[in-house]
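My structure is below; once you've seen it, I'll send some questions.
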Amino acid sequence: MTMFDIISLVIGVLLIVIAFLAINSKKLIKAVLFLSALSMLSVVAFVLMKAPDVAITEAVIGSGLVTSLFVFTLLSVRRGESK
Amino acid sequence: MIQYVAIILFVLGLYGLLVNRNVIKMVISLNIMEIGLNLFIISIGFVYDGIAPIITSSAGTGALIYVDPLPQALVLTAIVIGVGTTALALAIAKSIHVKHNTFDLNEVEETV
Amino acid sequence: MKNLLALFGSLLLALGIILALSNNTLFPSFGEADLSDRVSDEYLTQDEIDALGSANIVTSIVVGYRGFDTLGEVTVLFISSLGVALLLGSSAKQKRLELNFKPNFMLRVGSRALFGFILLTGIYIILHGHLTPGGGFPGGTMIASSILLLYLADDQFRAKIKSFKILEGVSGSLYVIVGLLGLLLATYFMQNFLPVGTVGDLLSAGVIPIIYILIGLKVGSEISGIIDNFLTEEEAK
Amino acid sequence: MNAVLLIAVPLIAAFLSIISKKIAPYLMLVVGLFNLILVFFIPEGFVIIGGFSQSLGINLLFDSFAKIALILVNSLVLIIFFLNIKKYGSYSSILLVALAGLNGLLLTNDLFNLFVFLEIAGIAAYLISTSNKKPTHTFHYLVLGVVGSSLYLFGLIILYAMFGTLNMVDLIGKIQLSGNYKNLILPFLLMFIGLGVEAKLLPFNSWVKGILGKSNTLSGPIFASVYAATIGFVLGRLINNLFMFEGSLLTVVIVILSVGILIGEAMAFASSKAREILLFSSVAQASIVALLFTNGIIIWAVYLIIANALSKLVLFLVINKATEDTGTDELDALQGLFSKNILVGITFTLASLSVMGLPLLAGFAIKLNFLTELASSNQIMLIAIILISTLVEGIYFVRMLVKLWYKGENEVSVKYNLSFKIVFVIIALALLVFGTYSTPLNKLDNSIDTIQEVVNNG
C-alpha cells in the first residue's frame, strides 16, 4: 500500500461516516456542522487528486459560504421561536 | 477507492432525501449528493503520478503527465451552481418557516 | 424500519452503479484515465497553451474554451440572488436581524482588521486567476465574506444594497459585452481580441483576466446581496 | 446574424433590468419581440463560440428543428408575458433569464452546456412557481429538479470518461464507432431519468400536481406550454440523436412511457378539479411525445408538441383566470362559466377537442398520421394504448365541457380582458387552420428530416 492509498482510505471512511452523521443527527445545527466538516474533508480529497482550483473554490464557497448561509437561516428562525 | 466513496456519498444524499422530512435536512442531503458528484467528476480525470494542470516556468511541458483539467473546470461550474440552488432552497425554507412556523414537512401537512 | 430499508436500497443502488461501471469496458478505472483519448489532451499541447496564454490550464478552460458555461454559471448565481431577494423581501423596509450576541471589543476590532486582509486576498486571487489556482469565483466570494465580517462586527451595519445592485448589473452586462466585442472585433462570440503576451506574466492571456475581474465583481456583489438578504428581516409592523 | 444573440441579448437585458424595476417589463417586451424577429434571420448551421475548433470549445447547432422550437418558445413567452404584464411585472427579470435558458437548451450542442442551461431554466422555473405562494410545493419541485439535473450530470460524466468528449456531434460519432450498446445503458438511463423529472414523465413527476394544480395565469401557461414544449424538443433531440434506445433499454423506456400515459389519463379521469384534469392530461401528453420520439416518428412528435403547447396555453389561461376570479377550480363551482363568455367557451372547446384529436382540428391530423406510422411498423400495443387514452380523454373532456357550458345554480362571473380574447381566438384559428389545411405541416416535413443528416455529416 502506498501513502496515497492509506490517506485516501482514511479520508474515504471519514467522508462516509460524517455524511451518515449529517443525515441522521437530530439537531439541525449539528447536521450543518457535519456538512461543513464533510465539505472540508472533500477539499483534502480534491487536493489529493491534484485539483487545486477546485479545492480553493470548495473551501471558500462550499465550506465557508454555504455553512454561513445555513447558520444564518437557523439563527433567524431560533429568534422567532423564542418570542 | 475515492471513486467508490464518491458514488456512496451520492447515494447517501438520495437516502437522506428519502428519509428526512425536515427541509433543512433535505437541503443538507442535497449538498451531500453534490459533494459526492463533484468528487466523482474529479476522480474521472485523476491520473496516478499526474501533476496539477498549471504550467510553471521551472518545468517544460514535454515529459510531464498532467491530470485531466476538463473535469476540474466542470466541477468549478458545478460547485457554483450548487451554491446558487442551496441559497435559493434555504430562502424557500425560510419562507416555509414564516408561513407555517416549522421546518418539518409532516407538521406542515397537518396544519394545512 | 422504513429508514433501514431505504438505507439498504440506497446502498444496493450504489453497488449496482459500481458494478455496472467496473464491468464497463470503456470506463477507465480510477487513476488510469488515458488523456490521449480525450479532448483534454489538446488543451495541454504547447500550441494551445500559447494560443490562450494562460499558465493555469483550468482557467483557460473555464474562461476560454468553455467560457459560455461560465456565463451560464454567473447567470445561475445572478438568478438565485434575485430569487433570494424576491423571497426574503425587498430592501426597502428591512432591518438587521438581531443576533443573539453583542459583538465584543475583540470581535469588533479583529474583524475590522481582518476585513482589509481578506479583501486584499480576494483581489489578489482574482488578478492571478490565470497564473495560480483560484480565480473570479473564490476571489469574489472572499470579497463578499470580507463584507460579511463587517456585518458581524457591527450589528447595525448594512451595506449599500442599491449600489451593489448597480455594480452587479453593470459588471454582468460588461461580461456579455466583452463577449459581443469578440463577435464584432474578431469573428466569434467570446473570442479573444487582445494580445496574449507571454505565458506566466501578470499581463497576459488576453481577455481572460478582464473577464475574471468582471466575474469577481459580479460574484462578490451577488453574494453580498444574498448575505444581506439572509441577515435582514422585515420590519415588525 | 448570430444565434448567440438569442441568448446574449436576454442576458444583458436581465442584468440591466435589476438596476431599475420600472423599465424591466418594457425591456422584457422589447427583448422578446427582438428575439422573435431575429429567429427568422439566422442562417442554419453550427455557431462557434470563442473561435475554437469544434470539439475543444462549445458550439451551438441551429437547424430547422431548433428553428421551429425557438419560434414557438419565443412567441409563447412573449404572449404569456404580455397578458400578465400588469399583474406579474415584477417577474420580468426572471422571465428574461428563463428565456435565455430555454433558448440555450434548444440551441446547445454540448452536453455539459445543456446541464448549465437546464439549471438556469430550472431555477427560473422554481422562482416562477413562487408566484403560486405555496412554498412547500416550490421546495418539493426544487428538490426533485436538483436531483434530476444531478442524475443527468452523473450520466454525462460517465459518457465523458468513456469517450473523452462532451460535444454531441463528436460523441455520436465515437459511440457509433464503439459499437457495444451494453456499456451505454447506465449513463443513458441516468440522463433519461434526469430529464424525465423536468419532462413530467412518470414516476419522476410528483412535483407537477403541487405546481400546476395551484398555478396562476403566469405560471400555468409557462409550465404547461412553454417549459413542456422546450423540454419535449430537448428530449426529442437527445433520444433521436444520442440515446437511440436499443434492446432491453428500449423495452424499459417504452414500458415506463406507456404506464405514464395510462396513469396520467386515469388520474385526470378521477379528478374533479379543472386544473388537475388539465395537468394530468398534459402528463399523459408528455409521455406520448416521448414515446413518438423513441419510435422515430420525429415529425409528428414535433407537431404534437406545437399543438399541445398552443391548446394547453388556452386551456390553462381560461381555467386559471376563472380560478383567480372565483377562488376555486372545482368543476361544480365553475358550472356555467361559458354561458356568459361564449367566445371564450368556443375557443376553450376547440382547444380541448384538438387535444382529444377530433376531426377538423390540428390534433386530429397529428394523431391520424402518427397512428398510421405506428401501424406501418406493427406497434399494435402502442396503438391500443393511445386509442384507450384517446377514449378516456374524450370522456373527461366532454364531461368537463358539459359542466362548463350548462348553467348551474349559482352565477359564475368571470371577466376576460380583450387581450386574452384576442389570443384565444388567434390560437383557436391556428388549430383549425392546421387541422383542415395541413399542407404547411407536410411542407415542413422535409426540413425536419435533416436533423439526423446534420449530425451524420457534421
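We call the chains A, B, C and D, going by the order they appear; numbering starts again at 1 in every chain.
Here is the rule we go by: contacts are C-beta pairs under 8 Å (C-beta built on N, C-alpha and C of every residue); 3 or more make two chains touch, one makes a residue touch a chain.
Since the model is a prediction, treat every value here as computed from it, not as a measurement.
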item: Of B-D and C-D, pair with higher C-beta contact tally; value: C-D
item: Chain centre separation in whole Å, for chain D relative to chain C (CA means); value: 31
item: Separation of mean Cα positions, chain D and chain B [Å, integer]; value: 29
item: Between chain A and chain C, centroid-to-centroid distance (C-alpha), Å; value: 19
item: Distance from the mean Cα position of chain B to that of chain A, given in whole angstrom; value: 10
item: Interface hub residues of chain A, defined as touching at least two other chains; value: 52-53, 57, 61, 65, 69, 73, 76
item: Chain C, residues touching no fewer than two other chains; value: 17, 21, 28, 33, 38-40, 43, 56, 58, 66, 69, 72-73, 76, 79-80, 83, 87, 133, 135, 137, 226, 230
item: Contacts with 2+ other chains: residues of chain D; value: 112, 116, 119, 123, 126-127, 130, 160-161, 166
item: Chains grouped in pairs wherever the two touch, ordered by label; value: A-B, A-C, B-C, B-D, C-D
item: Residues of chain B defined as touching chain A within the complex; value: 1-2, 4-5, 8-9, 12-13, 15-16, 19-20, 22, 24-25, 27-29, 31-32, 35-36, 38-39, 42-43, 45-46, 48, 50-52, 54, 67, 72, 75-76, 79-80, 82-83, 86-87, 90, 93-94, 97, 101, 103
item: Chain C - residues contacting chain D, complex; value: 17, 20-21, 24-28, 33, 37-40, 42-43, 48, 64-69, 71-73, 75-76, 78-80, 82-83, 86-87, 165-166, 168-170, 172-173, 176-177, 179-180, 182-183, 186-192
item: For the chain A and chain B complex, residues of the former touching the latter; value: 4-5, 8-9, 11-12, 15-16, 19-20, 22-23, 28, 31-32, 35, 38-39, 42, 45-46, 48-54, 57-58, 61-62, 65-66, 69-70, 73-74, 76-77, 80
item: Residues of chain D defined as touching chain C within the complex; value: 2, 4, 8, 11-12, 14-19, 47-52, 55-58, 90, 93-94, 97, 100-101, 104, 112-113, 116-117, 119-120, 123-124, 126-127, 130, 158, 160-167, 178, 180, 183, 185-186
item: Contacting residues of chain B [partner chain D, same complex]; value: 10, 14, 17, 23, 26, 30, 33-34, 37, 40-41, 44, 70-71, 74, 77-78, 81, 84-85, 88-89, 92-93, 95-96, 99-100, 105, 108
